[in-house]
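You will see subunit A twice below: alongside subunit B first, and alongside subunit C after that.
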Partner chain A sequence: MAESFRRAPGVRDHRGAGTHLLVRAGEYVCALPLGSVRRVVRSLTVHPLPGAADELQGLAEFGGEPLPVLSLARLVNASPGANPSYPVTVVVWVGAADAREMVGLSADAALEVVELSTASIVAGDGGLLLGEAPLNGEVVRVLDLESLGRDH
Partner chain B sequence: MDADITVPGTSQGERAQLGRLSRPTESALVGWILVVLLTLAGFVLLALGTPAGSPVWPQYAFLAVGLAGIAGYGIAVFPFFRDLERRLPRDLERWEILEKELIEASQQLGAGDLVRSIQHTRGLPERLARISEAASESLSLLAQQIQDSSIEVASAADAVNEIASELASGSSEQAASVVEITAAMEELARTAGQIADSASRQATLASQAETSGETGSAAVHEAVSGVEEVQKRISAIASRADALGTRSKEIYRVLDLITEIAQETHILSLNAAIEAAAAGADGRRFAVVAEEVRHLAQRSQESVESVRNLLDEFAGSIRATIVATEEGSKEASRVLERSRAAAEAIGELRSASGDTSRVARQISLATQQQNAASDEVVMTLREVSLVVQRMTGGLKDLSSTADRLNSLGLTIQLLAQSFHLDSPRSLKHLAEDWSAKLEAAPDMTTLEEILDGLAQTAQFIEMAYIADAKGHLSTLCFNRTVSTGRHLLTMAAARDVDMTRRPWYRAVKREGRSALVPPYESLQNSEPCFTVAAPLRSLGGDFQGVLGIDVNVTGWTRI
Partner chain C sequence: MSARGFLLLRRGGLLWGVANSDVEGLALRGGGFFVALSGSTLVADEILGVVEGLVVRRLAPSLRRFWPVAAAGMAVHGDEPLVVVDPERPPRVLRLEQGDA
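For the complex of A and B:
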């Protein structure tokens, strides 16, 4: 995951502009590009996989198909939060457009759909963290789900 | 005592008659001549009285018989008278000696000196001496008995006086005690009256307390009923609150359901927005709807949160109400328990007040009876007090009588002591015995030693002393066993006192024998005493002085 934040901070990244779904992962509010989001569902039942990486919680069943579920909090290095009142699993497309995969991201809550302007986004590390943008007095972490497919 | 004693047969006329009796023969001759003359006169008268012609031989026979009788009388009586005339002077001298002894004995007897009286009777004829000695001894025995009896009487009277005094003292104390007991009983009666009043008031108060207890018991019972009703109401409130709690939980479940629906709606709106975004421009209007649905879901969630908060407050209030009702129920239970205990206590108090009232009435009745009994006791004690006072007066009279009897016994004793008896209890005998011992002293030192020894011989002797022929006190010795050592009369002070004026000195010097004076107050200890005194003579019988012995009356009566 350290490689996903390779880009130097303070550099504008115009790829993050557009409509995003805000989700909460621990103490962070993350913005997922709405085009990569397939569905938001109540937290799916996850079956852990032995020997899997830490961020991979396991496999869940979605639409009759096995769905790998990643912990968004782990992905953004958030500290584990308190028991969320209504956890959700966000089914997203990751990876390049020609080789995208559908994974589930477990989050503490799905907040809302927002528009993020390009000017407001400060470039991230070039990995998963595309950049950061202020929103309603709070810093939102804009994630690059394509990079997630490349790293994994 | 020594001048005017008259002995029968010793008067002057009788002495002249005795002188005439010293010539018996002449008297007998004169009598004989008178008889002859009377015989002749009878013959003449007989001759003259005989009528003429009567025989004359009786006249001559009378004359012859008369003359023969006269002659025979002369022959027979004349020698007797001659012999009588010869013996009469010798008998007269003896008679005079006897007369002198008899006079001495009588004088000694008259002076009460039975010892010397008996000594003088020894010179009398045997029969007369025996009679006189027997009479003197009888008189001596009588005097001794009188002395002993008088001492016993004095001692008994003294003892009676002492006992009567003690009894009178005890009776006085008893009278005082009876007075104190009477006062105490009166106080007791007064206290009993106060107790009766107090008990009566207590009975009234207890009766009032019983009535109040009944009222209080009814009030407490009402309070208990009220508290029970309150407890029921509190229980109903608790039940209602519990029901509200149950309903609140149902509301919570409904809220949870609504929340879940809102969440689902929220997710659904997000998914709709996702789908709208995927639809591109066609989905823009749908996206708006989805956003509105999301807002609606959010407001629903916010409303649910508001309701939940209100419901929390409501539930908190209900819980507080339940807690309060539980505490109220517990408090009501405690109040109920206390009220029941109070009701029970009031019941016991009412019962106790009833018992107290009854007991107080009994106490009042008993104390009234006690008061009446105390009054009777007080009356009886007053009678007893009068009796004791009379008894005290009687005992004082008895003591006074015993005192008088003691004085009388002492007087009799002193009268009896006026006799000089051959007895150790005869003070005169004692004094003369000691006087004889002192007369035998060769010098003054020996005399003082003898006198000092004599003064220590008996407890009843206070002191012994010697006054010389001029009436000056020459020797004075105190009885050290009874003397306090503080002598009011000292030798130096007494040396210049003229003892010739003292009755005992004058009596001894006048009578020449021991004397005893009536009691007087002793100079040594202010106790009654009397003095017995005896003369001191030289070997030639000359008066040399007087031995005086002061005898303590009390000590003397105790011997």
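For the complex of A and C:
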């Protein structure tokens, strides 16, 4: 199954507000700005790169292009959850708009699309974690995917 | 980056590409493949052959951030991703170490 997500009219991702795709990564639920999500597909076959950090699962092929695949759970320091029954790769754009690149994020499941307001987002780390937001009795981690494409 | 010939080899479970123009020789010894470059020798578990027309992409910042290995780029052959070797700085997993020969 492949499911496409397109930016809908009125979608905003400035400072984290706007429409987000919720995905499960280990013990955490993460919110990805929908405007950065290109596609959600069943977990891609990944070829590990020798000497890579734990966050980088390896390279995959997507649409005829090489695609680095990162472990979302590792990126957000989540403890692993139970074996996911339908793991996915979320293909996203990262980096600034003028230098964006495509990356795969492996996650345990794609959950739903929600709207988050700026006022609900608190306590970010200035990097990938834009902040946290309460949602339906749970805390979701709102991610700044632009930061993943920056040189560190 | 434009198309040119690449020697494809497998090592450490991963597919690698070396530009034809960087290859000075090939040898099979003791069941292992050896690829001579101008300044080093690579070891391969398997040689797949030479392909034309690879579209080589630069290594993205998100990849370099988590993989501190020099490489000339990345590409796809068939439905399999591969890393294009920087002949000046081949990754350790490919380098001929003492005892490999």
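The criterion applied here is as follows: the second predicted complex is superposed on the first by the 135 of 152 C-alpha atoms of A that agree within 3 Å, B and C clash if a C-alpha of one lies under 4 Å from a C-alpha of the other, contacts with A are read in each partner's own complex, and residues count from 1 in each chain.
The rule is short, and it goes like this: a contact is a pair of C-beta atoms (placed from the backbone, for glycine too) under 8 Å apart; a residue touches a chain by one contact, two chains touch by 3 or more.
Bear in mind that the values here come from a model prediction, so they are computed numbers and not experimental data.
After superposition onto subunit A, the partners subunit B and subunit C occupy separate space and fit alongside each other.
In the superposition on chain A, A:G26 makes contact with neither subunit B nor subunit C. With both structures placed on the common chain, the touch criterion links A:L148 to subunit C but leaves subunit B unconnected.
In the superposed model, C is the one of subunit B and subunit C that contacts more residues of subunit A. In the superposition on chain A, contact of A:G104 is made with neither subunit B nor subunit C. Looking at the shared chain after the overlay, A:R39 reaches subunit B, while subunit C stays out of its contact range. By the touch criterion defined above, A:G124 reaches neither subunit B nor subunit C.
With chain A used as the common frame, subunit B approaches subunit C to a shortest CA-CA distance of 22 Å. Those residues of subunit C that touch subunit A in the complex are listed here as 12-15, 57, 60-69, 74-76, 79-83, 91-93.
Subunit A makes touch with subunit B in their complex at residues 19, 21, 34-35, 37-42, 86, 88, 110, 112-113. For subunit B in complex with subunit A, the touching residues are 263-264, 266-267, 270-271, 273-274, 277-278, 287, 290-291, 294.
On the subunit A side of its complex with subunit C, the touching residues are 47-53, 55-56, 59-61, 64-68, 70, 94-95, 101, 103, 148-152.
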